[in-house]
Amino acid sequence: MNKLYKNADDAVKDIQDGQILMLGGFGLCGIPENCITALVKKAVKNLTCISNNAGVDDFGIGLMLQQKQVKKMIASYVGENAEFERQLLSGELEVELIPQGTLATRCMATGYGMPAIFTPAGVGTEVAVGKEVRNFNGKDYLMEYAFDADYAIVKAWKGDKQGNLIYKDTARNFNPLMAMAGKITIAEVEELVEDGELDPNFIHTPGVYVHRIFKGENYEKRIEQKTIRKS
Amino acid sequence: MALNKFQIAQRIAKELQDGFYVNLGIGIPTLVANYIPLGIDVVLQSENGLLGMGPFPIEGEESADLINAGKQTITTLPASSIFDSAMSFGMIRSGKINLTVLGAMEVSEHGDIANWKIPGKMVKGMGGAMDLVASAKNIIVAMMHTNPAGESKLLKKCSLPLTGTNCVKKIVTDIAVVEITASGFKLLERAPGVSVEEIMSKTAANLIVEGSIPEMKF
Amino acid sequence: MNKLYKNADDAVKDIQDGQILMLGGFGLCGIPENCITALVKKAVKNLTCISNNAGVDDFGIGLMLQQKQVKKMIASYVGENAEFERQLLSGELEVELIPQGTLATRCMATGYGMPAIFTPAGVGTEVAVGKEVRNFNGKDYLMEYAFDADYAIVKAWKGDKQGNLIYKDTARNFNPLMAMAGKITIAEVEELVEDGELDPNFIHTPGVYVHRIFKGENYEKRIEQKTIRKS
Amino acid sequence: MALNKFQIAQRIAKELQDGFYVNLGIGIPTLVANYIPLGIDVVLQSENGLLGMGPFPIEGEESADLINAGKQTITTLPASSIFDSAMSFGMIRSGKINLTVLGAMEVSEHGDIANWKIPGKMVKGMGGAMDLVASAKNIIVAMMHTNPAGESKLLKKCSLPLTGTNCVKKIVTDIAVVEITASGFKLLERAPGVSVEEIMSKTAANLIVEGSIPEMKF
């Protein structure tokens, strides 16, 4: 049962043009930097990317956008990114915007084997167009489907060889949800630890959900908005 | 005189009650955290997955792994908790957040809100706003009473694409505090020195005015 | 914002006859021993109890059954318990048996603000009778509703004054799910710690879900089946 | 000669593949853990919330807080993980468990299974069995070929209330290994010294027999 891969190039090597990828992270926080670099290098095209955001011009998914690798972006908030806007306006890039909680819960639904969920988010708005609306206890909900992604690519803080993962602070965000939702889940970790080093009580993602794991390198961990207070 | 954004935040802070779990949106709402009344204990939720949001870090202690939903570096507090985005919106949907404060481009007299999209302009997305407005029990909008062109942002019906319907409970603007009732907008307070007539003239919908309207107190 | 209660009697004092209670635990593992004792003492009647199991004759929910406090039991597996069987056969006790995963997911649905979920468990069986069946991608699912409970009563290992909880080993089971699902959630903990002692990264139940917390006493933690190996 | 329960477990263990996540039910299925072939790495799931179930503890090291779904005291292993019951059944429903082994009272030629309820007797409940059989990709039933009255437990149609439909892939009994195909029961192997005729006589449904049927190997 070897889940251990050498590096990002090794872990993403079978990703094909046209596939559907989930990428963890919120803004630039907790994104799978190594795998994004490897995907850019691999020059795989026509991807559908499911991720809360689309990076910035020169970092995160923005790097894949620069190389025109993304056909469709499914996200809740985009456009910290001039190239993204250009491709969107020119029609090169298709974008589906969905509420953040809906995005998160549709990932969880996949990992939990639930084909659809109900959420009130978007009722009465254009997000509801074409969707089934259902009333429970006097309140309307939209039925939203579980995602179907070929690969989920996540970034964790620490992981062991069985694929158990823990995340640090708010770099957790979508990562454990997407980790559950890939047909194949690839995890890059800052620290690869020996089996038994992680306390079973405090595993965020049980290894059963993770198919490939490798130790990432040279994390930049860029800060989008550095805000500080005077001591 | 019309309030500045800090004063709007300060007025909203008076709505906080001890023990409230609160979600503050980007912009003026974020400033509310600076005016939490003494003796009132509130817990701030950041929908990217944190309860118990602390202040900005001091220089050198910022971490790329610890940000709020506005992507700003922040800190945790004793008894903070961190969770994934599904649980974060789970607690929002199940009504565990007592108060949500957010900005808006338009609010209708039925409590509809538009704050995510302007047709013809680049759309950045709704982020967590649709989830928040669809679920929160108590929603206060913080915004200017009029847009830069001087047009009312309080309307009979929103002209922009909606974020949510029938959800806003109260609006605090630079000139007024307005409640949304079953009968529409009801004026509760006016900014110091601002007349009821001025507020009415800047409100493009019926405004219920009962008795004498007090000035806001801070 | 005081969530701290003196003891079990204090924490359950407003529970009324006829209310719906969720009780955490799996078998006798991770059950809220102190609250059960307090409920027996309080002699509150006609309760509906949602719990995976119903205890044994002289421990757990079995103690409440002895006092005929339970009108209806909603569980996935019962009957390690002679008094339970007697009351069931005599018609004094109503029992609704539901699949364990359905029970767990209906608790989670409540905590996550989802009015209903879909599960394949029970399709084609008597569990499906009267329920909506829906086909997704060629597979049938039952629609099951979120629970609506007046109180959730859980047992945690450690908790702080804000109500943040962590559980130990498999005593976790249904506890964090039920903790999310009570209109009022009462947590009893083996150790009450100061705010800040629990690592924010490893909280199982965020305090927002917990309304009352107290330090429990004299935990018996009975073992149902002691199985050991030779060294 | 018919197998005893340990031999049934031993035969089922041969179905394990390296890297499998496996859920073993109560009774004979639990015994499968004792016969995991050398060089094969499997992870045992216990549906009360544990992956990586270890052996029973040694005397004095048992903990009331660490049990399996059969409520027996157990241990963890390096790289075990513990989670709540919703995640546990979440991974079951989403097909992450490669193999489920459980006992049965009856199995039909369509793969229906009955193992939770006998009308007229005290019903203890389905526990996690309905979730497991509705979701697992690969389900093997471990049971005696006939009940104590000598009647076949392999049937055209189950007579008892069902636990799940169309789900069992294979049955290992004390006398045979039977696959469930689109055309019904197919005999794969027979217990050493047990004839095909005996198996057919003890099977109350059509039994497909193609070519010569090998004896089980251990």
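Order of writing sets the labels: A, B, C and D. Residues in every chain begin at 1.
Here is the rule we use: contacts are C-beta pairs under 8 Å (C-beta built on N, C-alpha and C of every residue); 3 or more make two chains touch, one makes a residue touch a chain.
Here the structure is a predicted model, which means the values were calculated and not measured.
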item	value
Higher-contact pair (C-beta pairs counted), B-C versus C-D	C-D
Length of the line joining the C-alpha centres of chain B and chain C, rounded to whole Å	36
Centre-of-Cα separation between chain D and chain C, whole angstrom	29
Intercentroid distance (Cα basis), chain C paired with chain A, Å	33
Centre-of-Cα separation between chain D and chain B, whole angstrom	56
Contacts with 2+ other chains: residues of chain A	105, 112-114, 119-120, 168-169, 172, 200-201
Set of chain B residues in contact with two or more other chains	50, 76, 82-83, 86, 89-90, 92-93, 135
Chain contact graph, described as a line, ring, star, complete graph or other shape	other
Chains that touch, pairwise	A-B, A-C, A-D, B-C, C-D
In the complex, chain D residues that touch chain A	18-19, 21, 41, 43, 45, 50-52, 76-83, 86-87, 89-97, 135
Complex contacts: residues of chain A adjacent to chain D	1, 110-114, 160-162, 164, 180, 194-196, 198, 200-201, 203, 206-209
Touching residues (chain side chain A, partner chain B) in the complex	26-30, 52, 75-80, 85, 88-89, 97, 99-105, 107-108, 119-127, 157, 168-177, 204, 221-231
Partner chain C, residues of chain D touching it in the complex	46-50, 55-59, 62-74, 76, 82-86, 88-90, 92-93, 112, 122-131, 134-135, 161-166
Footprint of chain C on chain A - complex, ascending	105, 112-120, 136-137, 139, 141, 145, 166-169, 172, 200-202
